[in-house]
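Contents: one structure, followed by commentary.
The letters A, B, C, D and E name the chains in turn, as written, and every chain counts its residues from 1.
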Amino acid sequence: GKEESAKTAGKEKGLEKVTLMLDWYPNAVHSFLFAAEEKGYFKEQGLDVQIEMPADTNDPLRLVAAGKIDMAMSYQPEVLVARGEDIPVQSFAAIVRHPLNQVMVPEDGPIQSPKDLVGKTVGYPSIPLDEAIINTMVKAAGGDAQKVKMVDVGWDLIPAMATKKTDALIGGYINHEKLLLDKEGHPMRTLNPAEYGVPDYYELVMVGSEKGLKEKPEVFKKFVAAMTKGQEYVAEHPEEGLSILLKHEEKSSPLEKDIETKSLDILLPLMDAKDKPFGYQDPQTWDKVASWLKETKVINQKVNAEDAFVNVK
Amino acid sequence: MRGAIGLSDTLMLSIHDLTYAFQGNRPIFQKINLTVNPGEFVSVIGSSGSGKSTLFKLITGLLEPDQGKIGINGDFSGGRLGKVGYMPQKDLLLPWRPVLDNVLLPLEVRGKKGNLAEAREWLSRFGLSDYENAFPDELSGGMRQRAAFLRTMMTGKDLLLLDEPFGALDALTKRKMHSWLLGLWEDLQKTVLFITHDLEEAILLSDRIYLIGDGNVQEWKVNLPRPRNSEQIYQPAFIELRKELERLIHHEN
Amino acid sequence: MKTKWKKWTADYGLFFLAVICLISIWEWIVLAGAVPAFILPSPTAIWGSLVENRELLFGEHLPATLLEVLIGFGFSLAGGLLFGIGMHFSRSLEKILYPFLVISQTVPLIAISPIFILWFGYTIWSKVAVTFLIAFFPIVVSTYDGLKAGGNEYRELLRTMGANRWMIFKKIQVPMALPSILSGLKMAVVYSVTGATIGEWLGASEGLGYFSRRMSGNLQADSVFAAIFLLSLMGICLFLVISFIEKRLLKNVMRGR
Amino acid sequence: MKTKWKKWTADYGLFFLAVICLISIWEWIVLAGAVPAFILPSPTAIWGSLVENRELLFGEHLPATLLEVLIGFGFSLAGGLLFGIGMHFSRSLEKILYPFLVISQTVPLIAISPIFILWFGYTIWSKVAVTFLIAFFPIVVSTYDGLKAGGNEYRELLRTMGANRWMIFKKIQVPMALPSILSGLKMAVVYSVTGATIGEWLGASEGLGYFSRRMSGNLQADSVFAAIFLLSLMGICLFLVISFIEKRLLKNVMRGR
Amino acid sequence: MRGAIGLSDTLMLSIHDLTYAFQGNRPIFQKINLTVNPGEFVSVIGSSGSGKSTLFKLITGLLEPDQGKIGINGDFSGGRLGKVGYMPQKDLLLPWRPVLDNVLLPLEVRGKKGNLAEAREWLSRFGLSDYENAFPDELSGGMRQRAAFLRTMMTGKDLLLLDEPFGALDALTKRKMHSWLLGLWEDLQKTVLFITHDLEEAILLSDRIYLIGDGNVQEWKVNLPRPRNSEQIYQPAFIELRKELERLIHHEN
């Protein structure tokens, strides 16, 4: 029903159709998108945005590159990895400007610093990037990274921690997994990679294909303008912003209000670009992240950080 | 007589120098010759395992001869499948079809709509009218064989190969079938090749008898005038014939 | 009347007893805290979520999934029978197809999910395609194997009647293959439910699979299990439908076997 | 000698022709850019990755997955036969078990994967459990249906000889059910490969499923497809093994059917 | 005579007031009585569908009477399954077993190791020694029936129920079997209940004949001294008996 009405609406008013694939299912971090849609900011810009959900966190990048969808949400390091594999994508806006993916350990446990991970098991979803983060953090804290035991926990991060199959966890978000674990009675302490030698990277970025960005820059410009207005609205009225999201999701799969509220509380400061406009990307950050990924051999040497992003104005 | 009932003079079945062996076994037939005239009733007898059923499978075209030729109605060339009516030794009624549908099978196979009234008429002549909707597993052995015989009749072919059609019939029904066949079969304009173990039956019904054994065939003419009737079996002449045939068989082996 | 009731009790009484026992034990285990409720919620919690989300579940997600299942099963049935029969009739086709059939089953769907999206987009057809991919395999195998199984003597008899391959196929082989085919269909209809669920994970905006995945991400285990309950119920009902058809169709075919 | 070669060509010639055609078309499509290489890599790229990673793939991941598949299939075989036979002998057991069987197939694995982790941890047993869950269903159904199919008259004969249920089962029903059971086994062995792959996604440190997921996370489609290639090859080989056993076992059983 | 060969005087088989009907059909038997003494050879004849095979299924215990009692060896109480040797009308050889294994089946079922040498000896007596490793579908109809008969012998039971054992045998083999049975069977210490369609056979082999028809049975004593031999069928006295029996059957119907 929803899709159809959007389509017919698009036809009626001669709006430009744009498909956007989220990084994961809709949650608090996407409030600005739903606000922009609900408040008509997209329409104002002549856009009809259709929002899709991916099967797998890697799908959005590939489908954008293949031209199947126009834009996607992904992760800064992932964009660089993709470019290393000759997947022609570029980031055009930074959404969450700091790592959400942090190491979690039980609050009442003995682990205080990455150094204490030595000899312990760390659960992770088998992504090389997570390995690199742990390595860098342990090394920066003065431990022997070789002696950390990494255990692949598949797609079930929470049960791995909650049932004490591992001592620590990487791959979970402070605005989701941590909140859920807290709620289930497993309070977690978090160790921020940015404090232990990992560059302060952008967790979530907006991605388009090189071709799309070159051929239709105005569409992306309009989109950024609309999403900026959406984010402004959410920042000013967090409660209303959230309720737009909740109401939207109510129709298919209701979200838990208290979790999402806390999540948005955590997110809003991390999304704030301060004196720069929302979505602005700092070339220096891209450079640092790229060199760190090269150092840790997550990506090969030929990746060029400047080509990986554009700031659409 | 044949001319009178409208049958041509071409041989209905002719087998020339037929040789056949199952893979890896010694030959069952070695250069045998056998003919059947139109309108004739010919019996085949022989000890168990001598190859009677195999001969029938060769004639129907289910098996191909290693050497020699088999001709139906003078035609030696083409395939023989579908040219004769064949009643196998096992009844092979389809277990999932009621009797009536089993009997109509040959018509179905040729894509014809079965004439229900006619089929019912035949069923009652075969003493099966109460069972047209019964399934084969609800029939007695004799009923099954009658149904299989009727199915062969329904193929409408001129040459019928019957592999022990009356083997499982009780004495009375068998006698009735004999009388029925004798009384009716010239009207039917059928030619019959008939396997039996019952010497009496063979003599009573046949114009000629082929004895199969050790890869050879031997012909034996039945010198009894037609029309015959089933009471004849008690006549001394008949008993004499039977003794003679029995002696011949003993001698063969 | 009374005997009917007795038969029913004899048939299903034990099942319901088992279910009640199981549910009680389950409830007790969760209440006692032996298994965390966010991993395995208690039956009462599941029931609660079912009632709470009834409009969403019954009004939107259940019909969506059922539609995918039915269309997917329909295609599987047609495709499976076609392939099975084709492979039976042509040895070359069999040699060509069988490896691809096995490949189609061993390729992890999640790895090729972008291909599905690329080809079918976010329409119902991507879900139908996944359902087809999963459900047609048992139908092909059981049709092919069923047709192989039999009736040599009957076939010979029909050949002497001048029957062509098609006639023999229709009159002998199909009835003899029916038990095997229906056995395959029973599996396939269950797999169709699985297929639709997986298909919804690859990209959907409605359906019980979508709902359960969303709720699973939110750690709302009771809602996840409410959806699973409905999926299972759907599977059982469809299975019973095929079993019923099986009973009717095989009534005569099973005679004398 | 010559006829053997001829037979082989007739049997598999077409298959190889089809494969070569398909691979050529595939290569050409990817080279022409009709499908991006990061979604569907070209056959040569897959081959390259296979050669490049050969030590890892053949030395570590393939044996790991194969072990899971074999253990899982072993359990499925034992469990499937046991359930199938049990259900055949006891009507109550059948009524109790069948719904649970169907439930076990319709429950989305992703939703209950935490339970597996809870019970089995990240050992090989969690993968074996998933494999079992997926592969035992076709064995149960085909065993149960196969045992139902038949030999009433033979059974009666054995009863007159004073045979008990067990004897009748052994001497009549097992031989008559074999074709159906083997049909189920062929499906099950293919599903075992799928099962092990999915099991590895729940958390593993080796195996082709693990490798493919990891490479997918790294956006290395060619390596993903190299692993898939090996998984399919494993499925086909295991399938052929069962087919071969089937041929041997059924040589006599199929007589007169 | 019976005492001399060690058989007791209890009735081997006694049937009291037996009534039986297939569900929904009219009764096949109505209060029939039938007895067989130890060591006796009794034939059962009757038209096709009169219930001969059904009677055997009742005796073996495959079917239970609606009314009346059936006793084996004076035992009316327990189940009858496994108490008699039964040869069904269809041969029912297991298609996946070679002949030898089929013949050893009754021993296997009772958990005994088959005595191979003995089984082979029997196979050769039945003319099957060349076929011990052949599968049933490679045998002719007559061979199959012999194998099935032998399988029944191997049950080792005192009372044998034979449903048309010689139905598919050729004249010669049948004659041999008759001679063999007549010469040997008192040594065998077996009691036989025998269904046949062949009146000659019935007279030649039996002490008594039961005629089944219309739900009733009628007993007929064969007044021929033993030992008999198969040449007797041509003797006028024998032919007279046969005519008499035939008249009785006709009268019955």
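Here is the rule we use: contacts are C-beta pairs under 8 Å (C-beta built on N, C-alpha and C of every residue); 3 or more make two chains touch, one makes a residue touch a chain.
Being a predicted model, the structure only gives us computed values, none of them experimental.
Path length between subunit B and subunit C in the chain contact graph, taken as the least number of steps between touching chains: 1. Among the chain pairings, C-D comes first (most C-beta pairs in contact). Each chain gets a centre from the mean of its Cα atoms; for subunit A and subunit C, those two points are 37 Å apart. Centre-to-centre, using mean CA coordinates, subunit A is 87 Å away from subunit E.
With centres taken as mean Cα positions, subunit E sits 51 Å from subunit D. Subunit A and subunit B have Cα centroids lying 86 Å from one another.
Shown for subunit C are the residues in touch with two or more other chains, namely 39, 110, 114, 118, 153, 201, 213, 254, 256-257.
Multi-chain contact residues of subunit A (touching two or more other chains) are listed as 56, 62, 66, 158-159, 163.
The multi-chain contact residues of subunit B, meaning those touching 2 or more other chains, are 90.
By the document's touch criterion, interfaces exist between A-C, A-D, B-C, B-E, C-D, D-E.
Interface residues of subunit B facing subunit E in the complex, by the touch rule stated above, are 22, 45-53, 89-90, 127, 138-143, 146, 164, 167-174, 197-199, 234, 239, 243, 246, 249-250, 253. Every residue of subunit E that touches subunit D in the complex is listed here, in rising order: 57, 60-62, 81-84, 86, 88, 90, 92, 94-97, 105-106, 108-110, 135-137, 155. By the touch criterion stated above, subunit D contacts subunit E in their complex at residues 153-154, 156-163, 167, 171-172, 175, 252-257.
Taken in their complex, subunit D has these residues touching subunit A: 35-39, 110, 113-114, 117-118, 121-122, 201-205, 210, 213-214, 216-221. Chain contact summary for the complex, subunit D toward subunit C: residues 10-12, 14-15, 18-19, 35, 39-40, 91-92, 95-96, 98-99, 102-103, 105-108, 110-112, 114-115, 118, 137-138, 141-142, 145-146, 148-153, 179-180, 182-183, 186-187, 190-191, 193-194, 197-198, 201, 209, 212-213, 216, 224-225, 228, 231-232, 234-236, 239, 254, 256-257.
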